[in-house]
């Protein structure tokens, strides 16, 4: 009962947030830039072209009207036309989103797989050499600039050792020998559906370096958060009580303390996912990964605001939904959350 | 000195020295750089893209400028970038958070819903959107990052404000007839302001990382000025064949961010202040 | 031979600010089948003494004693083995002593599984029987609940049931009723008394509250600043205390003097922490 | 004790606001009425969930009231708002449970005691310092305590400072919220003695809220027993202690050491 009330409340709040997000994106993308019409009209536009653009973009309407138009367009997935390519943005998004999601999901999984267990183990051995080493690695991975790490990995594994492909999502030869029809857009899945293990292996190989790069920072954050949460929990009185009942260290660590640390661990999923989505902007440029990140970075150079706004909206809404799911999951893990 | 080592431990002390070293580098760049003119941007085409050597420790860039001198000069921009981001954010976030936490009720509700909207964006993405809209430039990139940064301080300050509002000693002051502004100045601000300021000082590292990412995307300072992120980006065209161009500034960002983080951890272990986990 | 025998116990705990001697000279002797009260104000070392018996003091703590024996075994070596088998703990705040995110069943079962290799259904039946035997109505519902869904009195019963499930015959109850309302506190104390009578348990009851001692204890030991001052049958210590400190403590109870009259205080009376001698004057 | 009551509460109902989508909460206080005459001490006794704290906070205007009235010296207390409320509240001294939480850890004893005085418009100077020393003396503390900080005090000393602060503006009414619950028995006795002295010397009215009936029975003229939001018993202390009308009150009284000797002989729990 409480949980349903809690979910409803979170959903109402999320809806508020989405409205706010839309408003903010509208303001930044349509109000702040000096003259969208000039940008829309193309290079060296004449006054006539600009005037035509103003009408097309509906720039002369009062701001509230323009906002409502913008919001309803966003709601229906009508993101407009790219200033630069004149293509429908929605079509571009459909093409690029799966590549980015593939990367994001993969790197989030890596981050959690490394970060959370390391955090638990470090907390259990607090102050010993394992803890020190793990903490230092975590801090280093948090301090490492993503774009620089990407370049370093390229330098070491592709250039010097030559064991990894330099960039791209798949090799050109493989594209010819083992063509894969696009079904879901997720290359790993599509190659399996098409029954082409060579294509799958090749795609996997291309995925490793970008995913590792993106996982580095959230893995460090996950490790640190899990570690500090576990250390705090291990000092609580119910842990002492469990010890007094004669439970083993293992049982206390994984059976009693870890469930309490699920809250922070879930938070980490949200953070990792958000980081993977935005870090993609940096990583996709370097690894020539055909995803949203590269799409938006090209749009930045071209001042292609509809594209930037659309990507921001889509990614942010992904993130809001993700956070909503995490909030609900947290309430399921710890039923007290729903009571507040 | 012994007391500092005792309080911070060895890693913390080394980190503190590094941070102080980088601040000195920014202040005394013209005296520390081997080629001050090149550091400031003068081209030196005779030595284009030479690898590291005795003359040019970190090699030279595509205009033949000494990368070491460029990195030293860029410290000024990158550090002040981080400091300004954090400073602006604190200036916005602290009052908003304290007001929300202390007054509660509809004030809290209104302020926090606004804050939530800003927090709903993955941070870098909002910064990119802002910076793209305002155009590249030093101050614009500071503002763009600060816009994504302040809500964290608002959250922290609000949590502190809420705890403090319920503290019996604050309630006692209220019951004794002390006015709200005076309670905030005398009881709330000293209790939150100081730990939050320390926290913010340590966030210069992560802030600088974010700013570097913007620069890397071409949304930071414009040439001939340089900051580290922009240098890594400029070197990317010659990467990986002329790797030194990007590696020196990249490693520098890493070192600065690492120093701030290690120092922050050392201080937090001592004071058990609020911790921030975000990017 | 007493079940628990402590002579000349001294405990030194290392802290960042230097070592703290929390217990200086405690003698304690608990017979089988009794409820033995340990009474003391804050700083008397009563809780630390109890924690030492469980072997749960922080690492680096120095425990020295002439004798520190439970049923003939030196607790300094065997506390880790005895805890959870023969010695159980009931702590002050039952809500804090249970894991908030695990259902009661999980927490009961953790203990049951440790001691008996029985199938799940049998363990469930045993948990139900155990909870019912200590006076919880609808034990199945309790087992399916989270701690925050139960009242303080129910939680304290669950904690007691957990201790019983380990098979412990010696319970250390550290302020077991302080967080509870009077009516519930009386029920919990009554339950302890019953368990002593029916199951042959021995209870060491640590408290600051003379009323609790008066309600259930057979014998009592008075602690002050890490020293045991006197011990004896509860009746005797409460009615005819020998030590001046005990006398002063009893006279300071708010219902010791009629309404409107001044209460006696312990002012002007203190014990030299080094020697244990009783002195007059202002505490240094 | 005749004339206008110091405090008069009539049919007070307090209910906590429930959130969005939440069902309406039960009232925390369900129609409490009582009078407090000048110079009188009323003990309000209740365990957790009894509503005693809500009642107290409503009287201090820290909680909104759903219905009912509160009069302070004959004036409608609930009608006072804003700045005048801030001033009016200075006529009430408040002492709360844990002295270490109720004294700011950052301030010295002098600053803590100066705060209410300065809020009432007194300026810093010799007169203020003299007043602070008098207050400390009245509460049994030497003048040189003024430069200490809260963490340098013992529990009893800190509670004395809190009482001194409550008395700073010469209030007519002292509200005590579990003032001895965080203290050891021997220190509790000292504080109870101090309160008895202050009551006698200053003719203060006191509201003494606690979960411990025995503590308040020692000092209160009249008792009010609360349970689950209801007032279950109200009357002179002697009367209630000698012949409680409710089983609940009897239970509270029958527990412990002196229950068997002083009061209500033989009515305790199962005699052993």
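The chains carry the letters A, B, C and D, assigned in the order they are written, with residues numbered from 1 in each.
The criterion applied here is as follows: contacts are C-beta pairs under 8 Å (C-beta built on N, C-alpha and C of every residue); 3 or more make two chains touch, one makes a residue touch a chain.
Not measured: the values here are computed from a predicted model.
*Asks:* Which contact partners do chain B and chain C have in common?
*Replies:* In this structure, the chains that contact chain C and also chain B are A, D.
*Asks:* Which two chains does the highest number of contacting C-beta pairs join?
*Replies:* Chains A-B share more contact pairs than any other pair.
*Asks:* Measuring from the mean C-alpha position of chain A to the mean C-alpha position of chain B, what distance in angstrom results?
*Replies:* 22
*Asks:* Averaging only over C-alpha atoms, locate the centres of chain B and chain D and give their separation in whole Å.
*Replies:* The separation of the two C-alpha centroids amounts to 50 Å.
*Asks:* Report the inter-centroid distance (CA atoms only) between chain C and chain D in whole Å.
*Replies:* Centres of chain C and chain D (C-alpha means) sit 32 Å apart.
*Asks:* Distance from the CA centroid of chain A to that of chain D, rounded to the nearest Å?
*Replies:* Averaging C-alpha atoms per chain gives centres 55 Å apart.
*Asks:* Check each residue of chain A and list the ones that touch at least two other chains.
*Replies:* none
*Asks:* Mind listing the chain A positions that touch chain B in their complex?
*Replies:* By the definition above, chain A touches chain B via 13, 16-18, 20-21, 23-25, 28-29, 32-33, 135, 139-140, 142-148, 151-152, 154-155, 158-159, 217, 221, 224-225, 228, 267, 271, 274-275, 277-279, 281-282, 285-286, 296-297, 300-301, 303, 305, 308-309, 311-312, 315-316, 319-320, 323.
*Asks:* Considering the complex alone, what residue numbers of chain C touch chain A?
*Replies:* Touch residues, chain C against chain A: 54, 56, 83-85, 87-89, 91, 93, 96-102, 106, 110-111, 114, 146, 148, 159, 162-163, 166.
*Asks:* Using the touch definition from the top, list the residues of chain A that touch chain C in their complex.
*Replies:* Touching chain C from chain A are residues 236-238, 240-247, 251, 255-256, 259-260, 262, 333-336, 339.
*Asks:* Spell out the residues on chain B that touch chain D in their complex, using ranges where they run on.
*Replies:* 167-173, 175-179, 182, 186-187, 190-191
*Asks:* In their complex, what parts of chain B are in touch with chain A?
*Replies:* Residues of chain B touching chain A: 113-114, 116-118, 120-126, 128-130, 132-134, 205, 209, 212-213, 216-219, 229, 232-233, 236, 239-240, 243, 246-247, 250-251, 253-254, 257-258, 260-262, 265, 275, 277-279.
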